[in-house]
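One chain, chain A, appears in both complexes that follow, with chain B as partner in the first and chain C in the second.
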Partner chain A sequence: MPSVTYIEHNGTEYRIEVEDGLSVMRGAVDNGVPGIDGDCGGECACATCHVYVDEAWLAKTGTPSEQEASMLSFAATAQPNSRLSCQIAMTAELDGLVVRMPEAQH
Partner chain B sequence: MSEQPPRIVIAGAGHAGGSAAAFLRQYGWKGGITLVGEEANAPYQRPPLSKAWLKGEATAESLALRPARFYAQQNIELRLGTRLEVLDRAAKRLVLSDGTALGYDRLILALGARPRALPLPGADLAGVLALRGTIDADALQAALKPGARLAVIGGGYIGLEVAASARALGAGAVVIEREARVLARVAGADLSAFLERAHRARGVEIVTGAQVQAIEGQDGAARAVLLQDGTRIPADTVLVGIGAMPNLELAREAGLDCGAGIVVDLAARTSDPAIYAIGDCTQRPLPLYDRAGRLESVPNAIEQAKQAAADLCGRPPPPPEVPWFWSDQFELRLQMAGLAFDARETVVRGDMAADSFAVFHLDAAQRVLAVEAVNAPTDFMAGRLLVAKQARVAPDLLRDTATPLKDLAA
Partner chain C sequence: MNAPVAPAGDAWTTPLDQLDPSHPALFQTQTHWPYFERLRREAPVHHSTSSPFFGPYWSVVKYKDIMQVEVNHKVFSSDSSFGGISIRDRPKDLRLPMFIAMDPPQHDEQRKVVQPIVAPANLAKLEGIIRERVCRILDGLPRGEEFNWVEHVSIELTVQMLATLFDFPFEDRRKLSFWSDCATMPVEAGGYVTSEEKREEVFAELLAYFTGLWNQRVNAEPRPDLVSMLAHGEATRNMSPREFLGNLILLIVGGNDTTRNSISGGLLFLNQNPGEYAKLRANPALIESMVPEIIRYQTPLAHMRRTALTDFELGGQRIRAGDKVVMWYVSGNRDPEAIEEPERFIIDRKRPRQHLSFGFGIHRCVGNRLAELQLKILWEEILRRFERIEVVGEPRRVFSSFVNGIAELPVRIAA
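Now for the complex of A and B:
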């Protein structure tokens, strides 16, 4: 199974195996990783699964959709490498992905 | 007395109860956690039931709030298929419907709400359904075959979402609303009018200002909805979507302060220091609006789950959030933030005819109270921020799509 390393704002790291096809948000929520909420369940409706994608992985994770970019444009802590993790589906190609969490989702 | 780690019992395994269990572990609760749920399934997401689940686009796994293994991994005891029957506050003891007794050190009431029943003849006919859980949704899905005729009593969000799903499944749909417009209690007039047009354009019949007299049946099964003016609307499936009643009887009998719901503060504490309450069953402070009220929504369930878990774990309360809601109907994504109490003025930004716009509700001082966005995520996010800041905005600037909302929200 491909793995994702989630790094909390305080530096705590979680290496989690995430089933192919599941979202990076689901991987965190399903395993009790703090810092990713996913209030809307992955509908790209709430912007509470905001992560910063490690620069090395930006090309492989792709670019946000218009809906996602709009949601991110008002996240207080958005950066150029910001994504909503419910919109990144795991694949073998993303094995080893590293994402960091902002200080807060709300 | 031996020092047992304290045990939290969470009564109710919906979105609120399930989230509270997860947040308690995330925030470091070391004692026992027992989650008691009436339904047979572990906590799951209800919003897809009227949409993706009905259309066969969701699975039990995708619906689940957490995977089945999560509860064992997190040492959360699940007691499913049973519910709270007796709450003895003096003894800190519960009796469940399966007859077992359960002691608690701290109790979280996440009792939810139940669909309001239709007090009219024919409400007990086969084919008359409500929608709250997966069992209801499965019955509805089985009924909504191509060519089926669905009548929805009540033009609320659930009714409109199911009507949209029914059309997608090839069934006919009629929405019958008692008030002069759909969503009369929960949305502004502009959004109601837009959605009525949108539904009619996609083949849903909408009847407003209509009083239902009875559901008529044949051989025990629903055949038509009869209105007081004599109109007969043929239907083989009738969805009753006329609101929900909070499950607060047990709390009231136990002597907890109750109003429209179980009264709680911003740490989800009830009038009993050992008892918290979260989700649909509560009446909570609405700090931005200087009043208290009930919020039936997933974001509220999660916010209150965090409040209770934080307080129980000795953490500061999370900052209050702007209440928000979402709904999907056809290809329309609705996102609403804030509550339009005391609204004096509405401003439409964007193009209603192009199915992409937002309605802002302002008070007498031109503070933004609420936003209702349709296919307009930027306006939703900006509106949520404006509401949180209680920002005053000139209506002409808000209306002007050439003025970026980023400037107004700065």
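Now for the complex of A and C:
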């Protein structure tokens, strides 16, 4: 299974295997990784699954949809490498992906 | 004047095409529940033409269908020119522009101006202020005698918070709750606002007061309060007076009634569910998951409304361009297909934030984490002080199918 490394805002790292096709948000929520809430369950409708994608992975994770971009644009903590992790589906190609969590989800 | 009584007829026997779940008296008497239970089973997307107040409207009552409407703002508009976000169509010339009742791009631009008020750093700063005030309010409560929890705690705490967000003169803070109540009160409710003219008078007073604050702040350095943010924000600094008024009302009502009723509701639910209260006393860390459960269970705003811009098929029904569509959060939050045992108040749910009370999509509540923070601090400090706050009488509820409100909650704390 491909793996994702989640890095909490305080620096704590979690390396989690996430099944092909599941979202990066699911990988965190289902395995109790703190720092990703996912209130809407992956509908791109709450922005509480916000992560910063490691620069090295930006090209492979693609670009946000229009809906995702507008949800992200409201987050005070957004940066150019921000994504909603429910909108990134795991694939073999993303094996080793590194994402960081913002200070808080809101 | 007394408010009109709930419609005669039974939720289960009235012919479906005559069913009207929107009557404010149903909510006031808490008799709305079977209406929504029936609709969830028999007509999850339902058209009603029998409202004496609101004209024809669609009801969307299931969690999944509500989510579909929430995320599709291109079809389902919030714009005030079509009627905005509540089931009641206000007279055309009295509709107020405010960003909750706008579509992109204007919505997005204005929302971004105020969003920093809830940035993590600002919330952290507010936490200390909230705790200090909560402690002062709780320490001043009467002992050994009956008092109204809504008045002494729910209203007092939320207006103090609002006054801080606006940097509003503290001694005048009760004006904020008065204005908030006037903004949402149906004219039929028998309260202070008996006509739209009366409401406009109140709004004029509100606008005059805040224009004074705006004038002070616009000439000063930008500061992290809502008036200063609006006065300096690129998308808001040239607002018309009506637009300023609209956005003020949004921020006042948004932050006030909703949190107030969650504070009142929480105390009521814990009294009605002694087993859950015992769990909480044994493990105060459960406050974390209890707070969102309180907000689900109360559902402070019973619905949000949209207007369809094009024809759309939802739940097998054909919604037409121009139709009014009401998302009943109060029903979606009790949908057993989305939430396990939704009728029960359970303070340690696994996914407590999975509820509709804050809406979803681009209009999702700006203040959600702030509201949760206030409730969290309140319950932490209550548990530190009191063994028990006993509800000693029936709550009195407000006449509204928009604000799910509690006006009076008699309580007693042992001497």
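As a working rule, the second predicted complex is superposed on the first by the 106 of 106 C-alpha atoms of A that agree within 3 Å, B and C clash if a C-alpha of one lies under 4 Å from a C-alpha of the other, contacts with A are read in each partner's own complex, and residues count from 1 in each chain.
Here, a contact is a pair of C-beta atoms (placed from the backbone, for glycine too) under 8 Å apart; a residue touches a chain by one contact, two chains touch by 3 or more.
The structure presented is a predicted model; accordingly, all values stated were derived computationally and were not measured.
Model built by superposing both complexes on chain A: chain B and chain C clash. Judged by the touch definition given at the top, the superposed model places A:58 against neither chain B nor chain C. Once chain A of one complex is fitted onto chain A of the other, the partner contacts of A:89 are absent, as it touches neither chain B nor chain C. Of the two partner chains placed around the shared chain by superposition, chain C is the only one that A:103 touches, whereas chain B remains out of contact. Legend: residue contacts after superposition of the two complexes on their common chain; A:16 is shown touching neither chain B nor chain C.
In the superposition on chain A, contact of A:74 is made with both chain B and chain C.
In summary, superposing the two complexes on chain A brings one listed stretch of chain C into steric overlap with chain B, and the stretch in question is 60-68; the others among 60-68, 132-140 or 186-194 show no clashing C-alpha atoms.
When both complexes are aligned on chain A by C-alpha atoms, chain A residues 37, 39-41, 43, 45-47, 67, 70-71, 73-75, 106 touch chain B in the first and chain C in the second. Of all residues in chain B, those touching chain A in their complex are 22, 25-26, 45, 47-48, 66-67, 70, 73-74, 298-299, 302, 318-319, 321, 324, 326, 328, 333, 335, 377-378, 381-382, 384-385, 406, 409. Across the complex, chain C meets chain A through its residues 67, 70-71, 104, 108, 111-112, 115-116, 118-121, 123, 353-354, 360-362, 364, 366, 368-369. On the side of chain A, the complex with chain B involves touching residues 29-32, 34, 37, 39-41, 43, 45-47, 67, 70-71, 73-75, 106.
The part of chain A that touches chain C in the complex is made up of residues 37, 39-41, 43-48, 67, 70-71, 73-77, 102-104, 106.
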